[in-house]
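Per-chain numbering from 1; labels A, B and C assigned in written order.
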Amino acid sequence: MNKEERLIKRYKAEKRFRFYGKAAIFMALLFLVVFLTKIFSTGYTAFQKTWLVIPVNYNADLLYLDPDKKPTTEDINDADFYEFGIETFITLDPDASEDQIMELKKMFAFTFERELKYYLLDNPDSFGKTVDVKLTASDDLDQVFKGNYPRDIPENRRRASDYQLKIFDKLNEDGRVISEFNASFFTNADSREAELAGIASSFMGSLFSILVCLSIAFPVALLAAVYLEEFAPKNRFTDFIEVNINNLAAVPSIVFGLLGLGVLLAVFGLPRSTPLVGGITLSLMTLPTIIIAARASLKAVPPSIREAALAMGASRMQTTMHHTVPLALPGTLSGTIIGLAQALGETAPLILIGMVAFVNTIPGTPMDPAASLPVQIYIWAESAERGFVEKVSACIMVLLFFLIFMNLGAQLIRHKFEKKWN
Amino acid sequence: MNSVIFLTIVLLALSSYFFGRKKAILIQSNKRLTALPKFYGYYLAIWCGAPAFLLYALWSIFEPSIVRFFILSDYSSQGLLEGELNLFYEKVKSLSRNQYSGELTAELQRSAEKYLNFRDIAKWSKVVIVLSLLIASTGYAYTKISNNTKTREPVEIFLKGVFFLSSLAAILTTIGIIFSLLFQTIEFFQVIPLFDFVFGMHWYPAKAFVRDASEALDPSMYSDTFGAVPIFAGTFFIALIAMCVAIPIGLLSGIYMAEYASKRLRQYAKPVIEILAGIPTVVYGFFAALTVGPFLKDLGLSLGLEVSAESALAAGGVMGIMIIPFISSLSDDVITSVPQNLRDGSYAMGATKSETIKRVIIPAALPGIVGSILLGVSRAIGETMIVVMASGLAANLTLNPLESTSTITAQIVVILIGDQQFGDPKTQAAFALGLSLFIVTLVLNIVALSVVKKYREKYE
Amino acid sequence: MNKIEAKNVDVYYGAKQALFDINMDIEANKVTALIGPSGCGKSTFLRCLNRMNDVIDICKVSGVVKINDYDINQKDTDVVRLREKVGMIFQKPNPFPKTIYENISYGPEIHGIAQSKSEMDNIVEESLRKAALWEEVKDRIHEPGTGLSGGQQQRLCIARTISIKPEVILMDEPCSALDPIATAQIEELIDELRKEHTIIIVTHSMSQAARVSQNTGFFHLGKLIEVGSTDKIFKNPTQQQTQDYITGRFG
């Protein structure tokens, strides 16, 4: 092989290597794109909710109320809307058989009783009249309407029957199927029924956990960092603390779950499944992250500032509190937010301390049982019903929104407030 | 009541700040002070709040166990088991709250009354003692204040002490982890021989269903139940698959970023790739279970292969994607810190860029790269949600990536999800797994960090 | 009486000895220059005079340093009090990243010198005037001090130091980061400050030492070789080493 040939070969190798590098970056970016598209394409429909608008005759006889007297709130509350609902559904197909009536009922979410009642409570004038009322469609029909559910498979492998689809199509032709923004996704707690399930309870759970985590981890981490960076003598013990912190930062999160379970629940007897315990567990996990960020920002404050203050006759403590800490605060804060964002996305430790309980009420304090957004994702992803798939993706979108928001916030603080030293 | 005491302490401490400062300002009018008046305020506030708060906290921690001791001391001679005493005490407590709905016995009633009585005494004596300590310490400090009392120094020493205690939090966490893991693990190995755990080939924790306490301690119940080999094998196997994805892509993109990429590409592509690291793992788990798993299964079907919907490949592959940014950004850092003169030397000999990278830069940066890969492995081993959601829960001993297998982390979750019973070998097994996980990741981290540190020192 | 008397001062950085048995007296209301090649220990000695060496963990100081006949190296010396009396200006201007006003008000605030806002305003103005900076910054004293030029920053640091009326001011090569014009301004200022303060200045420039000081000490390899009036040191040194250094044969 002569020199020329060799050179050509070498240049080819160069090109190939460069191509591999580009391909690797492209692959990494591709994964991200595929990933996000998948989540968005399955999730966006969850922000829409399907309603069936059906004519309802608030007939006094059907409700067993006195037709001549305007019913009071109490009367309405005591009335039986289950039977009334069934009677109303029969009007959709007067020839329905017993079985078909049951199928008609299953076209609606089981909350139809409440929805019929509240409509009458809100519109007492409709008593004795026939009015159009909006009722939540069952999640099977909801999925059919959104096109997430194939209609062409055999009936016995499908959850919506031919009969239901027939009635549904008729309603749809009459313009009685409407799709609106799904506010209940944000205001409802979790539910076994996909069409009613919302993220309010898990959102509050996450919020409380993060607040508990912040109020423990931030002060402790900041003070610890200040001690290690500004006061600690350089000896074996502080070296040990330092090694300890670095290793703690890389301990798998599930181990912190075991810590929460084995110490916080079993030894200290704190209440299971609560954001309080979740927050404490997360704070122990976040602590090293914040300490490392805070120490880095303290280190970045030039020694000349400390010398200036000391030479003015400020004590060590005054120098630290008046100058060093305020200057290190932006970096610490941004590290804290990043640590909290990690904690917000954490699932495994919360599962172990029991925050996977089914919670259908919105927690009011950190001492109430709750789930959290990522745990909600896990719970829904594990349930079989088709309607939960889009909910999971939507919940992921909400979670990603908060994570992006927090990370941007951290960036902003860093760029805007952090001093650059030359 | 507790919050009332707490608030009282806080309020009194705050107001004593003002008293202290006022006294200092009065002294100042004719004598020079040794510190600013506000330090006299802090001084008094600390003397007021700190001892009282400390006593209050200690009292609150120990009161329940002391009350419990007194109540149960009546029954200590009856030779009851620890569990029975616990149950009895819980009954007493719920009866005292009027929430008891079981059989009422005279003993129970008597103890509940005694319990209420004790709680009452304890409550009021706590109030009285805490408040008198507060008054005493505040009074002592107040009379001590004069123009040449040192106040700044004690205040600063106090603060420094608080700072020091905070820095112990990390150590306490580690001790807590070791304590909680070790304690349960030791109990576990009292029932299950260590040898069976480490070398056993069958893992069926569901089999370890015991009906009562006498069975729980019978080792023959658990033969062939807690053999962790399939779990360890599955863990390393999935981690291996993950690294097969993450190392080539992560390393090559790290190298490209460090050596070839334009400033613009670096500026935009780097943070975008790092987004992959910020996505919660539960989201990856969902993606693996919902998209990748079925996709591989369909792909396998069309190729005539049988692929499990929960294959190790799906879980490992997605985990690999998650680890890409860790390896790429760490190796990027490591390569960028290789001194320029090494590159110059190679270019000056007429080497191409890729030759320089392969022959000079990578060998020079190797320790750092190895360190970053080890950190990636430690992450893969400790990753939980992806395997819980996308890989199987049954522990098959297999080396076929198309079959399902399970990992340490997944088994911990499987065992501990829902209600756990402490003292049950199944629960303890989860802690034993946790301890093995902790040790393995700890060793990997220590090695990785020391390798990276040595490397950094070499070029700094 | 001498303002400062140093007796048998030894300084160690870990195992390495940086100063060997320094004995030096410093007269009040004069400028004393410390000269010598870099690494000779002149800055280390300067930092002994307000115990700034305490900041460095591995640094050990022994010997006696008396200021106003009080030994500052005693265990129970309050360094805060000491540094209130002995101010320091550093090589690189190091204003706090705060406003000009806050830079100067910091000292009076922590030492409780000003009782009211107007008193503080007066101190700030007076200090800036004495540092010959008032005219340049009076319209922007609430803007960041880091926005000033290098020379102005150094004068700000001087203003900050004199705001608490120290008896002694230590200057560690205060002009090494400045241009010739800014240097001239600072030198002029030093001469002015001598009326109320005792000044000790470390400098690597012999011409500067000759211009601003009345007394000079020459350090070499951690030892004080010679000390005396600036005139004598520059014109008629007794030691050969001093002679060699002054004439530029080494250093």
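Following the convention adopted for this analysis, contacts are C-beta pairs under 8 Å (C-beta built on N, C-alpha and C of every residue); 3 or more make two chains touch, one makes a residue touch a chain.
Not measured: the values here are computed from a predicted model.
The chain pair A-B and the chain pair B-C differ in C-beta contact count, and the higher one is A-B.
In this assembly, C is the chain whose CA centroid lies farthest from the centroid of subunit A.
With centres defined as mean CA coordinates, subunit C is found 60 Å away from subunit A. Computed from the mean C-alpha positions, the centre of subunit A lies at a distance of 22 Å from the centre of subunit B.
Centroid to centroid, with C-alpha atoms defining each point, subunit B and subunit C lie 51 Å apart.
Residue positions 152 of subunit B are each in touch with at least two other chains. Residue positions of subunit C touching 2 or more other chains: 80, 110-111. In subunit A, the positions touching at least two other chains are 315. Residues of subunit C that touch subunit B in their complex: 80, 110-112. Touching subunit C in their complex are the following residues of subunit A: 233-234, 302, 304-315, 318, 322-323, 327, 419.
On the side of subunit B, the complex with subunit C involves touching residues 33, 35-37, 152.
Contacts from subunit C toward subunit A in the complex involve residues 50, 52, 55, 57, 80-84, 87-88, 90, 92, 94-97, 106-107, 110-111, 157, 160-161, 164. Across the complex, subunit B meets subunit A through its residues 152, 156, 159-160, 162-164, 166-171, 173-174, 176-177, 179-181, 183-184, 248-253, 255-257, 260-261, 265, 269, 272-273, 275-276, 278-283, 285-287, 289-291, 321, 324-325, 328, 352-355, 357-358, 375, 378-379, 381-385, 388-389, 409, 412-413, 416-418, 420, 422, 430-431, 434, 437-438, 441-442, 445-446, 449.
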